[in-house]
Amino acid sequence: MLPTIFYIGLSALLFVIGVCGVLMRRSALMVFMSVELMLNSANLALVTFANQWKSLDAQVMVFFVITIAAAEVAVGLALLVMIFMRKQTTNIDSMTTLKG
Amino acid sequence: MTQLAWLLVLIPAFPLAGFLLNAFFLRGERATGIVASLSIVASFVTTLVAVTNLAATPEEARYISAHLWDWLAIGKVNVSVGLWFDPLTAVMTLLITGVGALIHIYSISYMHGDSRPHRYFAYLNLFVFAMLILVMSDNLFLLFLGWEGVGLCSFLLIGHYFERDSVAPGIVPSEASAKAFVANRVGDAGLLLAMMAIVSNFGTLSFFGADGNSGFISRLTDASFITVDLGLFGSIGLVSGIAMLMILGVAGKSAQLPLYTWLPDAMAGPTPVSALIHAATMVTAGVYLIVRMHVAFDLAPDAAGVVTVIGAATALIGATAAITQFDIKRVLAYSTISQLGFMVAAAGMGAYTAAIFHLLTHGLFKALLFLGSGAIIHGMHDIQDMRRMGGLRTHMPTVYRVYLIGALALAGIFPLAGFWSKDEILVHAWYGAQNVNVTVMLIFASWLTAFYMGRQMALTFAGSTRDHDVHPHEQLGTMKWPLYILAVASALGGIINLPGIHWLTDWLSPVLHHEAELFTWSMGIFAAIVVISAGAIGYLGYRLYSGELLTQIKAGEEDPAHYYLGDIWKGFEMGWGLDYVYQRLLVRPYRTFSQFLSDVFDRQAIDGILVEGSAGLVGKVSQAASRAQNGNVRTYALVFLIGVVIIVGYVVIGA
Amino acid sequence: MAFPSIDFMVIIQLVIVLAGATILLVVDLFIPAGRKRVTAVLALAITIAALVAGNYATTGTTLSAMVGFGAVAHAVNTVILAATAISILLASDALPKQGIERSETYVLMLLATGGMLLLSQGTSLATLFLGLELLSIALYVLTAIAFPNVASEEAGLKYLIVGSFGAGFLVFGIALTFGATGTLMLSQIAENIPQNGIERGYFWVGVSMMLVGFGYKVSLVPFHMWTPDVYQGAPTPITAYMSVGSKVAGFIAIVSLLQVLGNELITMRPVLMALSIATMLVGSIVAISQQSLKRMLAYSSISHAGFVMMAILNGTPASIDAAIFYLTAYTVTNLAAFAVLMVLENNDTDLTIGNLSGLWQRNPGLSAVMALALLSLAGVPPTAGFFAKFLVISTAWQNGIAWVAIAAALSSAIGAFFYVRCLIQMLSGHSDVAPARIPVSTLIAVIVVSVAIVLAGLMPGSVNAALAFAQ
Amino acid sequence: MNQLGFPLVTLLIAVPFVAGLVVWFSPRQAYGLHRGIASIAAIANVVLAIIGLVSMAPVAGYQFVDSAAWFPAIGLKYAVGLDGINIWMVIIATLVMPLALFAARTQTQERQRGFYALLMMLSASTIGAFVAIDLLLFYVFFELTLVPTAMLIAMYGVGERKAAAIKFFVYPFVGSIFLLVSIAGLVILTWQQTGVWSFDSVALAGALNSGAVVLDEQVMHLLFAGFFIAFAIKTPIWPFHTWMPQAQAATPDHGAVDIAGLLLKVGAFGFIRFAIPFFPQAMSWAAPAVGILAVISIIYAGIVAFGQHDMKVLLSYATISHLGFVILGIFSQTVEGISGALLTMINSGLTTGALFVIVGILARNPGGRNPNNFSGVWASAPKFGTLALVIVFASIGVPGLNGFIGEFLSLQGAWLAPHLGFGYISGAVLGIVVSAAYLLRMFRTVFMGAVSTTSPVAEASKSELAVLGVLVIAMVVIGLYPQLILQSMQPSITALVSGISQP
Amino acid sequence: MELVIFSITALIAVIGAVAMLTSRNAVHSALFLLMNFGAIAVLYLLLQAPFLFAVQLIVYAGAIIVLFLFVVMLLGAERDEDETNPIRWQTPTALVMAILLIAEVVYVLISNPQTTVARVGNANVFAAPTDIARALFTTYLLPFEIASFVLLTALIGVVVLHQRRS
């Protein structure tokens, strides 16, 4: 019987770490991983609340989120590989031809 | 309208008709001249008829009025186009049409061989028309039309030789004409303000109204106590304010201080124009205005005082300047300024009759002098420099005689017209107004008048011809008759207001309500002293310049007096340098200023800083912002996050 | 839990589009490589079918209230589908010209459209989330579909990164909102908004994070920075499509989100006002210094987003109508502008303002359309843009929030400058470029949108009629 | 439908508009056709306007009203009509079109189709702005006038035409957006207090004056500011004027655009038509400041004009100076002032239009538009010179010609106004001196002096002389019998000033 | 007891996350992420979500992380960030913002008056996979279908992005 806020605090912490990852890592791969982390922490929050409210909806939602995450990663990695084939790098600092 | 009213309408109608004919239909030189002259003669005759009819009307309501149509009827501005014919108007009209007619006739042969005679005569007719409107209008608004109309005509006639780059003595006609118009415009601004003040306070611009005493003039007395607050400049009585504003107009039109500088340059026009416009009629409009508005000046002693001082000062300045001139017409021009000063001073001192009297006589003999000088110039093949004349007495005897009469009249020698009128002014200054300073100034001015006329006679007619490559001849044609008539008039013109007879005073009394002062012996003695001294000085002037000095004067050289008086003389010659001052202090700075405004201030300050500047500022911001768009997605995410933090922060604190 | 009753007439448009997409995917396999235009035609047919079907759809909710249909949804769907149809028309000419012979494009466009329809019809956070993701993922691919064009790939990646970043916030927001209210249904959320306690904190953080999650989609400042890059990098038909489609969809999602708040909207209004003002000003200010036309239009679309925001932050029905009017006007106008760009650009050059000079001599008709579009974007009467601008500004006055109105005035004042600069460039410059040829389907599209612009400007009532407002 | 039985006012807008379209889509080579259609439309419009004038009842309020629902959702109507105030603007707006077409005769045939079409559009939108009763309708035309003019400058202009066109469009547009905001605010606030969505200016004025709608001072000043900025820039008043000279420096030499643009006095007209009835208190509140601006415009523009070397720019500054009088008259909110303002607008249309024709004739010569390149034209072209003389003096404001009456009335009105007074007038009256200075300078340099050998100017053609002659006659008539115009204005202006909302 | 498990797993999760964030090598990061996912899976179990526990392990640990590792190896992009950071102020600003965000969340969590301390973890509701399945196919039928469309889209996308130019 733990207070909800323990879980929420944890998920928030993880979420922010994920955010930091997106902002601070320069390899697109790492950025994707960080995004995954963000989504995961959100999932954790959802599951927590599902349990608090004794409701299934949130768990279903988590299921969808996981699906979406997978899809996004798939597309993202595909793009990344495609770009890597030309640029030989996954570093997003090197992808700044469009600016201004 | 009554037949009399129609008669009134005819007076200006003739010149107008003449103008239209000349402007649109006639082209031949003779035809135009004759038509123009006939129209003025007809107008003169009509005027005589009108005057006789006027004399028949009862003393207490002695006026004829003609209401033609409503000009403006907006809110408080109700102005009609209407004519007003009372004794004052009558004398002015007689002068204008009479002298005008003579000068038209004179012009026929004077302008012989001119390239644009039809234009010349058309303008001349138009001028007479405008001048008649000026003096005959029954309200200030219509008067202003005439006022500016004569200004326009003077612009046109001064610029008659507009294609010449310079006429003697080194004046550019186009510049002179523009100068005259703008200078007058300054005065007109004052008159305009006066009109608006009158409308705002009295709701009408009509002098006397339909029934003769419903105009604003009759209401001035009630308004005499009203004062206007001028903020920083203290406050001023309404009536004297109006009067002051009018003085500005007078100074412009009648070439008084500080606006007289245009008149000498106006001599760029043909000589008959100088005679008609710049001596006999137009320049006297200011005096007419003061006399017409005399109630206001009676109620505003401070304004009247200003008028007096301006007049006296101008009289003196004009006289001193006239002494030094070598151009035969410039002498007369400055003398005109000076004589106008006499009139204005007289009007300022309340001697309205005297002012009008002098106006009339001056109109006669100054016209005579100008026409005479015109004849001389004509005979000298357009030479105006007196240093190249001399000995003309033998070459043109007729001109010599009439010119002598005119000169004596102007110098105020007994018993010619000038004596009586000028003398009346002086007497009034001494006995009536008892204003010593002004009297002294005026007397001094009249001495100088005598002196420069003597000088001019000497330089022009005395001795033998100095410039041997000109062959003066006298062939007057139609110029003869006007000269004779004017000579007679200026000899006998004094009769109309002799002491003891004073027809003019009686005639004008319905307007001015003046009783003639009764003549005392002391006045006679005073007058005698003045006239004798003047005569002596005039003879002195003649002696000096016809004697040994005469041989020293050569074309293009300074006057011997310059040797003694030096720069003072030079200053006199430049009309006390006022023109120079204006050039330096007004005209050139204005040019530079406008260049600065148009090339620098408008382009760079207003457009560059206010308009383009603000636009440029946005542009700068824009570039900065688009540099922040550095193309790196991490930065995008960071900005994103900043947004989130701010929003979440707000709701967390706010909710 | 019984199997839910399904009223297909509620989601008829969605069904047509998604089913059509699937079928088209299969059919496309049997269409020879050279004749991919057939695919385009089929996709167009599907879209138009869905468009028409809208008139027969029934109002209400279905599938256990996961989706609903109403007047607003109808209007929005109409705009979305019309935009899709036009975009398909344009793409069918422009993509081959740029050497992009990928018929999957149309399938993906249909799928994205499905996502948009979901956003406009969704009544549950789950539906909205999925709709958004469907839209996004399709658009990531479409953006990058011009590979091996570097710009296109880069744009795709950037879009994906920012998109998934935003998705993270959206999901977290959904989580918190659920935590606060215990439901994902918008209607029920609206009923039990917590009044106090920690739940209230969850709720507001959640709502604002969801706002962010949708806000990046319509590129509200400061979540806008991906927009210019993506618009510039993506192939022009795709840019046109997403500049209008995803904006409309995203905004309608925001609208349904804000309607949940009800009276609590007051609390949020300052934030929304700030967003709106910032968006309007930043968009138009940065646009000034752009040379690339696509980038300029991207920034202009940002500032227009601010205008729409200005309308919907009132939350009143009238202002939502105004917002929809604005979106409609903006859609047709933007499509017209991009259509002209597509005709002008050959293979993958990025057009600059300089390329416009002398267009008047070269293609009078084309430049007339461009002029119309520019004037409408600037909001000059009598074009669609004018009434749109007026309506949103007047909604701003309704709550006495004159400051937003003044910011709007400033923004469109600045905006006028670069629109007119293009216009004058087009009219006055000279160039010896050969006149561009206008392909048939582009011509049709151009004519349709131009007529729409003028019609909406001369008879604004017609828009309401077309969108079946209950005015 | 109105008493005439046909939609007169709508026709006034439609005729040039349709003509413009026809010209636009006519074959490029049909040169005669372009000019013909344009001229016919212009003449027809003049006839229509005159019909309106003569069949107009001397009462306040709109007549010949054509009204139709436009955008019912927000109570927007298409409502146009004529009254004593705008009839004369319309008359002149229609009269200048033939003049502009006349001036445009030197437009090169190859590029004349769009030119005539745009001229017609400009005329249509200008007239529309004058006759609009509905506030938003007015705004539509108000902004619409920008488009054809900017296009004319951009496509057919000379010199810095691009920059000029952009500035010409953007600068007034910026102002007009604030007008739009104010309109929206006014309508919404009215709606919130009365429950009626209406853009009908008469109804709005009625509501505001009858106290049915009460604005607190802050809001009123805010709304008025929107109106003021838009109209002040459009008028233009110093210091918002810089777009105007630049635009006119860039217009084609023959001056057709300038002439057609002359009656673009929509700004000043807007003050009379909308600002006065809506915000009388705000007008009085702003009058002292605006009066100063107006006086500055009068003198400043006069001085700047003196320094110009391009006759067109000189004339545009002259226009700015005249408009200073107009603004003074309007902000006096007196019958005299407003009549004077309207009359001055009409006069400036006539006089400056004629002057632009003169400049156009001169600019055909090698001298171009710089007065210093000319000399002695009066001698080589006497008739032309004399007509020019009269027109110049009309513009200077010599009584007996049209210019004077308007200026006098404006100033008189301002003098009578409680919140302006003679302080302003004594400043403004300098304007009649500076105007004399710069116009006489131009006349003197160009027409007087010795006949120039470098660019001698031949006598103007019969038709040119005829056109100028007609204008001169008009000037004299207005100058000697202004009641001709003023009488028909009286009822409307009196109603306007007495704050009675016209039925 | 519960608290102990929570604390341990939470600690592991956070360590994994931080390590992922900081490790230079992409492979290591992937593995740390795996650790974090595992920990979260355990938490799911604590929260009576066995189905999600399974999904978490299968999809994330089983599929996504493998995919990541696969790509990293394939591209040999383990150490792609060795060149210096072009944007100096990026990292500090990011950290500050992150801390602010944390602070805000913490503020929300602690500031509010704890009227009723919501608690989680009592065992009487156990979300059996069957319930979730039923929910998926009844209430959430439409989202479920849409999810499939999302996957379809991703599929098409990946295929399109990797088809060779014809």
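First chain written, first letter: the chains are A, B, C, D and E, and each begins at residue 1.
We adopt the following convention: a contact is a pair of C-beta atoms (placed from the backbone, for glycine too) under 8 Å apart; a residue touches a chain by one contact, two chains touch by 3 or more.
Since we're looking at a predicted model, the values are computed, not measured.
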- At minimum, the number of touching-chain hops separating subunit A from subunit C is 1
- Note on the structure: Hopping only between chains that touch, the fewest steps from subunit B to subunit D number 1
- Central subunit by CA centre of mass proxy: D
- Message: Which chain has its C-alpha centroid farthest away from the centroid of subunit C?
- Response: B
- What chain pair shows the greatest number of contacts? A-E
- Query: By mean C-alpha coordinates, which chain is most distant from subunit D?
  - Reply: E
- Message: On a C-alpha centroid basis, what's the spacing between subunit A and subunit B, in Å?
- Response: 96
- Query: Just how far, in Å, is the C-alpha centre of subunit E from the one of subunit B?
  - Reply: 101
- Centre-to-centre distance between subunit D and subunit C (centres being mean Cα positions), rounded to whole Å: 43
- Item | Whole-Å separation of chain centres (CA-atom averages), subunit C against subunit E | 31
- Identify all positions of subunit C at which a residue touches two or more other chains, and write them in rising order. 126, 130, 133, 137, 140-141, 144, 147-148, 157-158, 161, 165, 169, 198, 200-202, 205, 228-229, 289-290, 417
- Query: Got the subunit E residues that touch at least 2 other chains?
  - Reply: 86-87, 90, 94, 97-98, 101, 104-105, 108-109, 118, 135, 139-140, 143, 147, 150, 153-154, 157, 161
- Task: By the touch definition up top, name every chain pair that qualifies.
- Result: A-B, A-C, A-E, B-C, B-D, B-E, C-D, C-E
- Message: Applying the document's contact rule, which stretches of subunit C touch subunit B when the two form their complex?
- Response: 157-158, 161-162, 165-166, 169, 200-201, 203-205, 207-209, 211-212, 216, 221-223, 225-226, 228-229, 267-268, 270-271, 282, 285-290, 414, 417
- Tell me, which parts of subunit C touch subunit A in their complex? 125-126, 129-130, 133, 137, 140-141, 144, 147-148, 150-151, 153-158, 160-161, 163-165, 167-169, 171-172, 174-176, 178-179, 182-184, 198, 202, 228-229, 232-233, 289-290, 295
- Query: Contact residues on subunit E for subunit B in the complex?
  - Reply: 86-87, 90, 93-94, 97-98, 100-101, 104, 107-108
- Message: Under the stated contact criterion, what part of subunit A meets subunit B in this complex?
- Response: 19, 22-24, 26, 92-93, 95-100
- Query: Within the complex, which stretch of subunit D touches subunit C?
  - Reply: 70-74, 76, 136, 139-140, 143-144, 146-147, 150-151, 154-155, 157, 161-162, 165-166, 169-170, 173-174, 177-178, 180-181, 183-185, 187-189, 192, 219, 222
